[in-house]
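Look at the two complexes coming up: chain A is in both, with chain B in one and chain C in the other.
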Partner chain A sequence: MMLAAFANPVFDSQSNFRELLQAMARPAVPRTLPVLPPAPAPAAPAAMAIVLTLCDATTSVWLQQPEDEVVRHLRFHAGLKLADRPQDADFALITNPASMPPLDAFACGDMRYPDRSASLIIQLAAINPVAAGGAGNTFAGPGIRDTETVAIDGLPADFWQQRAALAALLPLGIDLFFVAGQQVLALPRTTRLLEG
Partner chain B sequence: MTYNFAFLDEDTKRMLRRALLKAVAIPGYQVPFGSREMPLPYGWGTGGIQVTAALLGPDDVLKVIDQGADDTTNAVNIRRFFHRVAGVATTEHTAEATLIQTRHRIPETSLREDQILVFQVPEPEPLRTLEPREAETRTLHALADYGLMHVKLYEDIAQYGHIATSYDYPVLVDGRFLTSPSPIPKFDNPKLDRSPALMLFGAGREKRLYAIPPYTSVESLAFDDHPFEIQRWEQQCELCGSGESYLDEVVVDDRGTRMFVCSDTDFCSGHRMEAQA
Partner chain C sequence: MDTSPHLARPHWMSLLAQADPAELVQAMGAFAPPADTAWLRPAQTGLYMLRGRVGGTGPQFNFGEVTVTRCSVQAGGHIGHAWVRGSDTRHAELAALADAMLQDADRHASLRMQVVEPLRRALDCRRDEASRKAAASKVEFFTVVRGE
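And now, the complex of A and B:
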């Protein structure tokens, strides 16, 4: 049996969007998505909330693990196009980050239209706040007053090197949403990881 | 007849929301979007209205200002429009608002992190008066080639002895994109720099939107020997006595008598209440 989507599509997507907008405007700070819809495995409810809030028949989505049930669910509820190749995707749903494709496999935009670039939704086990002096990733950039530190684990070993390499292409780039449980944390292309 | 919540259909809102997220991710860059026909003409704030409609939720408290004033035609109409199509609470007090739509001013009262400012923009392209071709201005932005604008400001100095641009004064956002602050007076430009509040810009006729995220460097272009300066007045507001706010010069009779008053009506009345207390 197919799972439901948002109970109140208009208000649920509006309240989720406002958190996504604040997440993108205040990078590296986890925010709580107010309404999570049911989601078939391996998609997490928070990732499904982002897809249903932002995607429709005009967007193409690449699924790292295109299980039949997820495909049916997304086609029915969002009517979206599924991309066969990562480079064709407006959005990508990364359900197993340890084996995700390299970041440069995704579209990073055109010099005249840097907005024609992919947004990645990456499912993590947890997003952990870091106590003062604890080990984590420290970020700076637009939207961050001084610096923000947070622990983002479970990514490929060379993920941050790949991302740093893309920074040379600014304003081209890829924007990231990390989700865990009910939390979302965004890293737009302009956010820099500071060396430990 | 009933409308969808906040007038726009959900497909349009999703399109706007995707564009807004890219706009925030690329500070100062103009994202194209499919601007819809709205129940008021282009030039009356259709860009700002579409951005506001994509943001608005039932718990928001909306303030709308036109040249700083809550009680002018454009502001009253837009506020009433959203009250009717979204049923949201409205306010004239800057501190009470969660969402502020503005035409040509930034409120004098400092904004907070939990507020969003939406600007109505007539011409989003700062280079448009210097280069009419969109394909060419896109290329200039791609190459960050802003020499044209520096020459324009230099010609001001050569001709008038100072930079004569007093509104829509060009800014560089995050050191990368030359951006129009919309026609706010240059008096307001310093409020753009490292603002705690997110600022979104919508141009309906030109079908572009852009953003300045919070805590982002916004530099008004200038030269070492001609630094950026804001307007100053010898007068003070004749209603509240403020010497710090942006003043409008108002003709009050048919003999040319003038008075200077705050352009921000909420700030002015707040200042008068304080003085009375």
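And now, the complex of A and C:
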């Protein structure tokens, strides 16, 4: 049967929105979402929190695994449109990153409207902070003082090459939200992955 | 009144929404919510834009906004919805709960007897009274025929 969404739709989505804004302003730093709603499998509560916070009847969402229960849940609680193809989506919910479509399958915006691009919400098993000198992904760019290192695992082998290829298109590009447990980590299109 | 089965639910939803809140509270007093009741969408109040057409056929215009409270509940394996004019959250909650319980074959008959029918009678009564009041104040205009 159906699950509930946020207990206090206005205040819960506002506090999550503030945290998502902060995550985008400080890329590659994991932050904790304050309120998680219940979510039907395979969607994770943190991913559902982002969708319910950012999406409504004016945004289209593409689901990697459009299970009936998730579709009904999102239609009822967010009233959103579901996109049939990744390139039509404003947001995409990636529930199984290992088999996700290539990044260039999603909309990058166009030169007059770079904001008409897709934001991907990618569910991971864990986002691990990395101790100094440990192995991980090191990022730099606007919003990062020097560099930030974090371990992001479970992505397709050529994911970072695909993302680097999109960097040439700036200001076009794709923004990423990674979620694991209660954590969210944002990688806007301007953040660069530094080579090993 | 159309009593075909596929219109039964819209009919009782409409009755519940138009019911007097105090009468609905009283009628639903005998029915405890099922143990598994979960509020899918807590009662929330908002505005709907009413649109109309002059004479029913003219171009559409915005007539004005109306306050509506909506609520959805899952009870006994059924989902009940309610949209109620005004900002009475208790009214919306009880109407949604009654909608969910009316879909349950075991509870349907007793709810129909103790909730839907009394509400329908009360509504008919109010309508009748209003139309009597209007009829009593009716003014007939006669044209005075002049100088033939």
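Going forward, the second predicted complex is superposed on the first by the 196 of 196 C-alpha atoms of A that agree within 3 Å, B and C clash if a C-alpha of one lies under 4 Å from a C-alpha of the other, contacts with A are read in each partner's own complex, and residues count from 1 in each chain.
As a convention for this text, contacts are C-beta pairs under 8 Å (C-beta built on N, C-alpha and C of every residue); 3 or more make two chains touch, one makes a residue touch a chain.
Predicted, not measured: the structure shown is a model, and the values here were computed from it.
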I'd like to know which partner A:M111 touches here: chain B for first, chain C for second, both or neither. first
Based on the superposed arrangement, let me know which partner A:L155 touches: chain B (first), chain C (second), both, or neither? neither
Could you look at A:V70 and tell me whether it touches chain B, chain C, both or neither (first, second, both, neither)? neither
So in the superposed three-chain picture, is A:I127 touching just chain B, just chain C, both, or none of them (first/second/both/neither)? neither
The chain contacting more residues of chain A, comparing chain B with chain C, is B
With the two structures laid over each other on chain A, which partner does A:A5 touch: chain B (first), chain C (second), both, or neither? second
Touch check for A:M48: first (chain B), second (chain C), both, or neither? neither
Overlapping contact positions on chain A, where the chain C interface meets the chain B interface: 9
Give every residue of chain B touching chain A within the complex, in rising order. 4-5, 10-11, 13-15, 17-27, 29, 31-32, 54-58, 113, 138-139, 141-143, 174, 176-177, 194, 198, 211, 213-217
Touching chain C in the complex, chain A uses residues 1-5, 7, 9, 76-77
State the interface residues of chain A toward chain B in the complex, per the touch definition above. 9-11, 13-15, 17-18, 20-22, 24-26, 53-56, 58-59, 90, 111-115, 117, 119, 142-145, 170-171, 173, 175, 188-190
Of all residues in chain C, those that touch chain A in their complex: 38-42, 44, 72, 74, 77, 79
